[in-house]
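The two complexes that follow have chain A in common; it is paired with chain B in the first and with chain C in the second.
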Partner chain A sequence: MKAYISIFRLRVAVQLQYRAAAAAALFTQFFFGFVIIMVYHAFYASSSQVQPMSLQQAVAYAWLGQATFRMQPWNGDQEVMAMIRSGNVAYEMCRPLNLYFLWYSRLVSLRLVPTMMTGIPMFIVVLFLPTGFKAALPVSAAAGGAWFLSIFMALLLGCAISNLITISSMWTIAGDGMQRIFPAVIMVLSGLIVPLAFFPDRLQQLLRFLPFSGLVDIPFRFYLGMIPASDIFSLGLLQLFWTGVFVIIGIRLVSMGMKRVVVQGG
Partner chain B sequence: MSQIVVEDLKKSFKVARRQSGLLNSFKGFIKREYETIQALKGISFELEQGDLTGYIGPNGAGKSTTVKILSGILVPDSGKCEILGRTPWRQRKEHVRHIGVVFGQRTQLWWDVPVIDSFDLLKDIYRIPQQSYTRMKDELVDVLSLQTLLEMPVRQLSLGQKMRCELAASLLHQPPILFLDEPTIGLDAVSKIAVRDFIRKINRERKVTVILTTHDMDDIEALCSRIMVIGKGTILFDGNISQLRNAVIPERIVKIDFLEEPRKLDYSVARLTGQSENHAEFRFNPLKISANELIRTISANNQIKDFIVENPPIEEIVAKMYHGFKL
Partner chain C sequence: MLDSLKLYLKLIRINIRSQMQYKASFILFTIGNLVVTIIEFVAILVLFARFGSLQGWQLEEVAMFYGLINIGYVLSEAFGRGFDTFDLQVISGEFDRVLLRPRATELQIIAHDFLLLRFGRFLQGLAIFMWASVNLGIIWNPAKVVLLIFSVIGGIAVFTGLLIMQATMCFWSTQSLEVMNSFTYGGVYALQWPLPILNRWFASFFIFVVPVACVNYFPLLAIMEKPDVLQSPLWFQWTSPIVGVIFLMVSLAVWRFGVRHYRSTGS
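After this line comes the complex of A and B, so read on.
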């Protein structure tokens, strides 16, 4: 366990070097946050129907989405994938470690640090924006607590998904295909693009049980108070369940992959 | 009991075949043709503790494949391999605790952090107790002169500096066995000598069993008490260096610079293999005539400015060996 924590800590130290990337991401996320919110304004102004969430909630949802944007499973661990491609993975296999958890602990730092570096400063700023653009604090302390737990589990879930993308490059040569297809689908199904509340009712019921709502929709609705904080037990369990499923699949794939591995070159 | 026992190890790879050209690419898209390449056709050997064995052979002979199987990375098709009583690919995690590995063409250090951070990480990975870690690290830093390198990010090190750090990294957990896959590749003369001295030292003082693959015959001559030559997946030769030379090419090469154009260059005891202006190369059999005797004979007719005696290159020995084995 200590080894994995050390790997995590060293990766955190490395990630903290990338200040320019954090600044660039901050700019991008503000830009897209404003674009999305303006679309919501137009959408709410042009419709007289009762919407599943208020405009204020939708605005906060959008900012939460941007603040946790870099936490999502957009891709695999590029360095590990390059190692698998080049054969440098040979060294990783010479360590008395479980490759799955080695890569997993790297991923947690890879997702956590950039999110903290852009997400936190960004969210503090948006709390003070003018009305119509500002995000509110969680509706209650309990909602805040439930959100915190839930977003942490979303991180673990996202890393389990990212790790599957990483592992897929043990089979594909380039690994890009997986990185294009999966994130696009996952992000729609998670509610990052459009909150799941706006989806058709029948589809919503299905999506709530799929793993992807656990990345975005579940934690965000805790924050907005759309689901009671006490639901953290059942919904948190759902997040953990899917995390477990992906982890087990990943571990199996790694051990299968290691049996057929051909270390390229040299 | 032997530390390393390998019996009839076999490994094949499936390689996709495709002829060049767009049309063939389309054919390959629909129906792919595979070819099975026998990387190892059943190799066997045993190594004792403290052996320093050179494992040589041309590119694609199966050297790296063997090392990768021994270090638990590849799973062979069949055969037995026991290292310290363990089967590498079955008990990988326990096995790799007791070996050190250096792949000359790859790096185990994290390229974007200082060397010392990689070392500290290895300490946690191998669960090395603080005390023995500090002792071993200090010793390695001292012997390999890493003092000034420890704080530098790996990406800024030269190849020679990096290789010294790699060697240190592979030994922090004090493994009784060390696999070195081309550790001197691309190094300059000074670094090569530093690496060789170090390998010799840990082998003598710590009784570390070393398997060394290389293309550099000087590595072999400087270090190895035993040589195994592998070619096309089989072990062609297993013995010491003079046995190898005598078995394949017992000749030496002498290269001579003359003060003026040489007059007489045909001798019965040596074969002229090259000549240009004031320079000539001979091959001779040291069992028939000593180098000293030969130089004296040549200098009787000619004014010698300088000369050098060397062994035929490894490529030649291996190539000759292949020819002999009709591979």
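After this line comes the complex of A and C, so read on.
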């Protein structure tokens, strides 16, 4: 355990170097956030029906989505994938560590640090934007607590999914096409692109039980008070359950992949 | 001029032929790209299914904006790929070789690479555009077809112009400026929606600074024969794509200014 924690801390220090990238991402995410909110304003103004979430909630949801954008499993760990492609993964195999958890702890820092660097400043700013664009604080302290726990579990879940993408490159050397499809599908099903509450009602039932709502939709609804904070036990368990499933699949895949690995000399 | 064009076409032909050596990879990439962009459109479908309409705009009209902006963007990526990866050429010093050849630098850079891999996005944009046009019952006449072609050319010009400006920054920082990306992606995302729903500042930005609206919103209004809530004159809707070409010319001027200030990174 200690070894993995020090790998995590080392990678955090590396990630902290990318300040220019963080600033650029911050700019982009503000830009997108504003446009998304303008689109919501226009949609809400054109319908008199009662919507599953209020405009204020949709606005806060949009900002939460932008602030945690860099936490999501958009891809695998590019450095590890390059190692697998080039054969340098042989060095990784020499380490007296479990490869799965080695890569997993790298991923946690890879997701956590950029998210903190852009997400925290961004979130502070959006609390003070003019009405119509500003996000509110969590509805209650309990909702905030549930959100915090749930977003942390979303991080663990997202890293388990990212790790599967990383590991998949042991089989698909040139599988870039596939490695783009899955994240795109996952992000729609998670509710990041459009809140799940806007999906057709029948489809929502299914989407809520799929693993991906645990990345975005569940934590965000805690924040907005759309689900009571006491549900953290059942929904948190759902998040943990899916994380466990992905971790077990990942561990199995690593040991399968390692058996058939051929390292070319040179 | 004609001579340069011939040379460009020849270089691109060679480039495409070499990429087509990996047919399976090309097909897989195209399918992957297609799926990703279809999913993007699902977001628009879901919102329309929930809200019905968007301040007087119907789904098909938004689909027209979406289709056209994506076609222009993806073609600019294909043509302007050399500028997109220009920072690598500066870092490796390869640009020094470009300067030695008796041809325009910009020609050599765009002939450097032609990105076929985004073909899926092009297909999707085209399919959605055609679907929307049929559903809206748009009556096409030669004038409208010409306007559409000019809008596509204008779209390629605007996005290529952005790529060129981003590449020009490399002369000073050797690290391409990522902020330009948010204008590109942000422009594509914002202009897939009707311009009037955007806030005044954003709309003005996309008309006067990065003129994406001039190659998308205005000409499409003329094609759809829809009155403009922003009250743009009809003659402007028919001529606005020219603004995209002007934008490209400005960015080329900036580029030439940058080339004069280029200092090699050494070997």
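Of note:
Quick note on the criterion: the second predicted complex is superposed on the first by the 262 of 266 C-alpha atoms of A that agree within 3 Å, B and C clash if a C-alpha of one lies under 4 Å from a C-alpha of the other, contacts with A are read in each partner's own complex, and residues count from 1 in each chain.
Criterion: a contact is a pair of C-beta atoms (placed from the backbone, for glycine too) under 8 Å apart; a residue touches a chain by one contact, two chains touch by 3 or more.
This one's a predicted model, so the numbers in the text were calculated from it and none came from an experiment.
Contacts of A:Ala21 after superposition: chain C is touched, whereas chain B is not reached. For chain A, the partner that touches more of its residues is C, with chain B and chain C as the two candidates.
Once chain A of one complex is fitted onto chain A of the other, the partner contacts of A:Ser46 are limited to chain C, with no touch recorded for chain B. Shared-chain residue A:Ala3: touches chain B; no touch with chain C.
When the shared chain is aligned, chain B comes close enough to touch A:Cys94, but chain C does not.
Contacts of A:Ile181 after superposition on the shared chain: chain C is touched, whereas chain B is not.
In the superposed model, A:Phe32 lies in contact with chain C only, and not with chain B. Once chain A of one complex is fitted onto chain A of the other, the partner contacts of A:Leu240 are absent, as it touches neither chain B nor chain C.
If you check the complex, the residues on chain A that touch chain C are 20-21, 24-25, 27-28, 31-32, 34-35, 38-39, 41-47, 51, 174-178, 180-181, 184-185, 188, 193-194, 198-200.
Listed in rising order, the residues of chain C touching chain A in the complex are 25, 28-29, 31-33, 35-36, 39-40, 42-43, 46-47, 49-56, 175, 178-179, 181-182, 185-186, 189-190, 193, 197-199, 202.
Listed in rising order, the residues of chain B touching chain A in the complex are 13, 64, 68, 71-75, 92-94, 96-97, 99, 101, 103, 105-108, 110, 112-113, 117, 120-121, 124-127, 181-182.
Interface of chain A with chain B (complex): residues 2-3, 5-7, 10, 13-14, 17, 86-88, 90-91, 93-98, 258-259, 261-263, 265-266.
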